[in-house]
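Take a look at the structures below.
After this come two complexes, each holding subunit A, first together with subunit B and then together with subunit C.
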Partner chain A sequence: MEFLRPASWAEALELKAEYPDAVPIQGGTDVMVEINFDLRRPARLLDLNPVAELSRWSTTGGVLRVGAGMTYTSLIRELSADLPGLAQASRTVGSPQIRNRGSVGGNLGAASPAGDSHPPLLAADAEIEVESRARGSRLIPATAFYQGVKRSALAPDELIRAFHVAPATGPQYFSKIGTRNAMVIAVCSFAIALHPRRRAVGTGIGSAAPTPRRAGAAEEYIAAELDWDSRAALDPRVVARFGELVAQAASPIDDVRGTADYRRHALGVLARRTLTWAWHEHMRERTTT
Partner chain B sequence: MNDDEDLSAPVTMEMRLSVNGIGYPITVDTRETLLDTLRERLDLTGAKKGCDHGQCGACTVLVDGRRVTSCLTLTVALDDREITTVEGLADGSVPHPLQTAFVRHDALQCGYCTPGQLCSAVGMLAEARAGWPSIVTADGGSVDARLDEAEIRERMSGNLCRCGAYVNIVAAIAEVAR
Partner chain C sequence: MTTVAARAVGTEADRVEGLEKVTGRARYAFEHPIEDMVYAAPVPSVVARGEVIAVDVAEALTFPGVIDVLWHGNAPKLERVGNAELHVLQSPRVAYRGQYIAVVIAKTLEEAREAALRVGVEYAVERHDVGLRADHPRLYRPERVNPDLPADVQQGDPDTALAAAPVTVDAVYRTPAEHNNPMEPHATVARWDAEGLTLYDSTQGATSLRDAVAPLFGIEPSSVRVIAPHVGGGFGAKGEPHPPVVLAALAARRTGRPVKLAVTRQQMFSVTGYRTPTIQRVRLGAHPDGHLTAIVHDAVEQSSTIHEFAEQTTTPTRIMYAAPNRRTTHRLVRLDVPTPSWMRAPGEAPGMFALESAMDELAAACGLDPIELRIRNEPEVDPETGLPFSSRNLVACLRDGARRFGWADRDPAPGVRRRGRLLIGTGVAASTYPVYRSACQATARAEPGGIFTVRIAAADIGTGARTVLTQIAADVLRVPLGRVRVAIGDSALPRASLAGGSSGTASWGTAVTRACEALRDELDRRGGTPSTGVTVSVDTTEENGEPSRFARHAFGAQFAEVGVDRDTGEARVRRLLGVFAVGRVLNPKTARSQFIGGMTMGLSMALLEESVLDREFGDYLNHDLAQYHVAACADVPAVEAYWVEESDPHLNPMGSKGIGEIGIVGTAAAVANAVHHATGIRVRDLPIRLDKLLT
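Up next, the complex of A and B:
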């Protein structure tokens, strides 16, 4: 196995163009498991760790651009206020050791339907910045990025450089079901983001369909039902209906972690719970935005 | 590079690996994990292989002071890093305060998980001192979090103990954290 170590982003793109079969490695928490268990025998690894810009973030025109190599640990420390939903999800990934190495870019690269960063990225309308030497860079909305179980819109000669997302302008919550907090692959997960200025609601469902996805009908329903101005308490019937619509948006399977019925039921619970948390926070906010 | 080169054949690289303050010139297979290098080549058998996929924490070591699972870390990527294993925690013949506390609190039975627990605890205390929050740290609470039992349990959740010595492990760490 050849070990390629580009010193810069430009060099990384050169190498990926020359060797489209080279497997990028960031924290290695997915790649190394596959190698140790002989599920994958890459001829070449492309180590992106030396590309320092990938572990940094910046803000341009009010939008955050977060490098693909930023670890969960750094994200929790530095972006909890701007990206509360993603930070909450990050806190539930693996164990402290895994969070010290694992990255959102690696989660996107793996594109597992159970990846914890996907629901909050979907709920917050994130876009994924990918680039190749041949065609330059493009921004892929998260909704178009996930294409199948562990398949994404990334072309073989492309690398993920960053994701772009606006800082939260309202409450965001993430919740997942698993057998314990540490090192649990989600049985199902759900993220919600309220966007009070636009009077819109974003959602993301994890582990309950071949790809992470949004619950579009549920979003439209709840955005129209919420009393954005008076900030009045939630009507329990509306909350229940929201839960039903979220559960309907999923197409879960039976597997060792849970049955399809259980997943649908649990998603409804997560949806009602996170909506309630988010709305309570919204009611508490004194700012008039 | 031509296409018919045999890439399934082992590729080796010469490097210098710095472990516990000693520089080792070594030749490693590019696929080799730090855990295998430590155990098989450097005879540093403190770090243990419990699962080989990041779940048990028995292989935890410190890379530039941060705790990582050495079974998921490639040795070739570490040429400019400083590695600390359980063998390097003591100061000469004086055990690390955590080692003393583990003994005093009887924080082990078989001892298999202990090197990983110790390295993880050293890394964890440094994280807490640097103000890193955990999932149980109250929102808006002080980030130089007081390490109560809930905090220690959460922050040590990447290290399993099949003998179930958790109560004493937590007590040992709590004593040093204070």
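Up next, the complex of A and C:
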């Protein structure tokens, strides 16, 4: 196995163009597990850790650009106010050691349906910045990024450079079901983001379909039902219907972590719960302004 | 001797090897530096039943670094003695998926693992049967159950009594297969030389491992030396010998070089034993006032086709409660699975989950407080043997626990306490564990400088055994702790029983006491320590052989408070409290660790642990720590352990009962009973997964 260590982003792209089979590695929290279990045996690893810019973030034109190598720990520390949904999800990832090493870029690269960062990225309309030496960079909406179990829209010669997302303009919440309180892969998870200016709602479903996905019908339904101006209390029937629509958007399976029926049920609960939290926060904000 | 020292027994002495461990100097099996070492990588069977018809080693042998590949066609022959699990690479038969088929020996671990993947194995596959069922046609009654108890016991006429009982409980409880996951996986370094075989091994018993391995190779036990100064947890998984240590010894024999073999976490799910799944039917007959008239407890469990391990699932029911009519049985079926073995409180832990859940159900049926129900059925003497108990303080544990836990004002109604979206409930269960003790030898030596050395082949698997034996020796010798050295973990030391059955301190401590007493007498006789020092030896075989006129058991009571999310079914333990009656507690610090460790493992058994069988392929799906969940620190917010004063002169010179296992016994039932109190849902099959708590 060859271990490639580019010193810069440009060099990384060069190497990826030359060796499209090279597997990028950042924290190693996924890649190393797969290698240890002999699930994959890449001819080359492309170590992105020396590319310092990947662990930084910036703001351009009101949009955050977050380097793919930023660890969960740094993200929680630096971006909790701007990306509350993603920060909440980040806090549930693995253990402190895993959060110190793992990154959202790695989560995207692995594209596991159980990855904790996907639902909040979907809910917040994030776009993934990928780049190749041959074709330059492009932005892929999160909705188009996930293409199958552990498959993404990333071309073989491309690397994930960053994700772009607008800072939250409304409440964002993430919730996850696990069998224990730490170091647990989601049985299912759900994220919601309210976009009051656009009068829109974003959602993300995790661990309950071959890919992370949005619950489109649920989003449209709730955006139309919410009383954005008066910020009136939620009608329980509307909340219930939202939960049903979210559950319907999933296509879960039975596995060792839970049954399909349980996942559908629990997603409905998570959807109702996070919507209620988000709307209460929305109402509170009005009271205080 | 004139030295007077403060008593060490009963104090919270720090671990004597603590500094060595926290600074990384303590050597575990895999860490012993040996020259000219090579590595072994096993080739496991990928079928659950059949015959190996061809092994192609040609490609593997071409790999760089590869020294040899062993399989049943070329492996050194072993004597057919003892447990057939240990007849490694002796036959083409495959008895379970994951069984060792071959082993590659190479200069590095990486080379060995790589080449192991290139060994071509051709199988004649046969249909396998890996499913335990209560109506399996091949169920049979084992002759004895572990460790050496009758399979079935009956008194009175339980069937008639059940039919006539005004109140009955008749329920089936299930516990899944569970796997021990000590921090340190099993590992061996094996070396042959002119003296014989040396094994650096992660074992719970140096003497017993030596005695098991020697006859396999047709050599005297004195030609085998087992060295295990430190062991990173065992819980029973390192008690009985398992195939890896034999494979390492075979590989070393064949290559003539020291061989290192470390079992991977995943392989532990095939070759180092596990807790058998159980299907248990419990029937209780009682008067409306709760007095039991009949207790019937029938267990169905499994073993492999090549070795019988019969777990003693229903044996605690023989001594727990008074009832004139009673029956306990064990039925076994031999499946195409690995052989089960010991896992902390084998038998008692799953058995008491069933009995103590049933008692909770009976309390509800009689409208009685579950503590009161247990007190009403407290036996005067051991119901099975009629012998008096040497001490039995279950009631004291229940009462003391109730007071500490705040049980008094408990509303028995299930499913009515809400805190936000949580349903809150509390539960109680009793626990018990038998008192075992085995014969040992020990030596004690006095040096002229006032230093004493006690030698015994005991094992410290993380329990604090080395420390407590030092305390015992210091007190008998009447010297401060710092003047006593205790050498353990080596079969070259005087023979000792293994760390199992919660019997270590009782067995080793007796020998240490007798050795130190003999040394003290010898020094008194001589009027001091001679310039060459003086050594005495003892053997407790005779003392240990005296039959006891008492039934000897430890008891305890566990209390749990749980919160169950009523929408998602997520159950979490909020508080866990145990009170134990275990004779004299010799070191409160290490004892507390044993109790809270056992209770934590019981919590884990209640909510998380389950080895999920893949029926199609015959192995366990969740064979790693990402998928086989054990409780994390965040799952155990508050766990408290206490003990009642108990003076029992009928045990051993220390007056102690074993404490390694009782903590897990009863805990799962306490949690399940609390979940019922919280939700009204009675979960009779562990673990209490979240999908079982949705209504």
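The working rule: the second predicted complex is superposed on the first by the 285 of 289 C-alpha atoms of A that agree within 3 Å, B and C clash if a C-alpha of one lies under 4 Å from a C-alpha of the other, contacts with A are read in each partner's own complex, and residues count from 1 in each chain.
We adopt the following convention: a contact is a pair of C-beta atoms (placed from the backbone, for glycine too) under 8 Å apart; a residue touches a chain by one contact, two chains touch by 3 or more.
All figures in this text were calculated on a predicted structure; none of them were measured in a lab.
In the superposed model, more residues of subunit A are touched by B than by the other of subunit B and subunit C. When the shared chain is aligned, subunit B comes close enough to touch A:100, but subunit C does not. Of the two partner chains placed by superposition, A:170 touches none, neither subunit B nor subunit C.
When the two structures are aligned on the shared chain, A:243 is found in touch with neither subunit B nor subunit C. In the superposition on chain A, A:115 contacts neither subunit B nor subunit C. In the superposition on chain A, A:69 makes contact with neither subunit B nor subunit C. By the document's definition of touching, of the two partners only subunit B reaches A:3; subunit C does not. By the touch criterion stated above, A:47 is placed in contact with subunit B alone, subunit C being left untouched. Residue contacts after overlaying the shared chain place A:24 against neither subunit B nor subunit C. With the contact threshold set out at the top, residues 33, 37, 181-183 of subunit A are in contact with subunit B in one structure and with subunit C in the other.
Partner subunit A is touched in their complex by these residues of subunit B: 7-8, 10-11, 13, 30-31, 33, 52-55, 57, 60, 66-69, 71-74, 76-77, 120, 123-124, 127, 132-135, 154-155, 157-159. The touching residues of subunit A, counted against subunit B in their complex, run 1-3, 5, 25, 28-29, 32-33, 35-37, 41, 43-45, 47, 49, 73, 76-77, 80, 91-92, 94-98, 100-101, 181-183.
Listed in rising order, the residues of subunit A touching subunit C in the complex are 33, 37-38, 177, 179-185, 187, 256-259, 261-262, 265-266, 269-270, 273. Chain contact summary for the complex, subunit C toward subunit A: residues 117, 266, 567-570, 572, 607-608, 612, 621-622, 624, 626-627, 629, 631-635, 689-691, 694.
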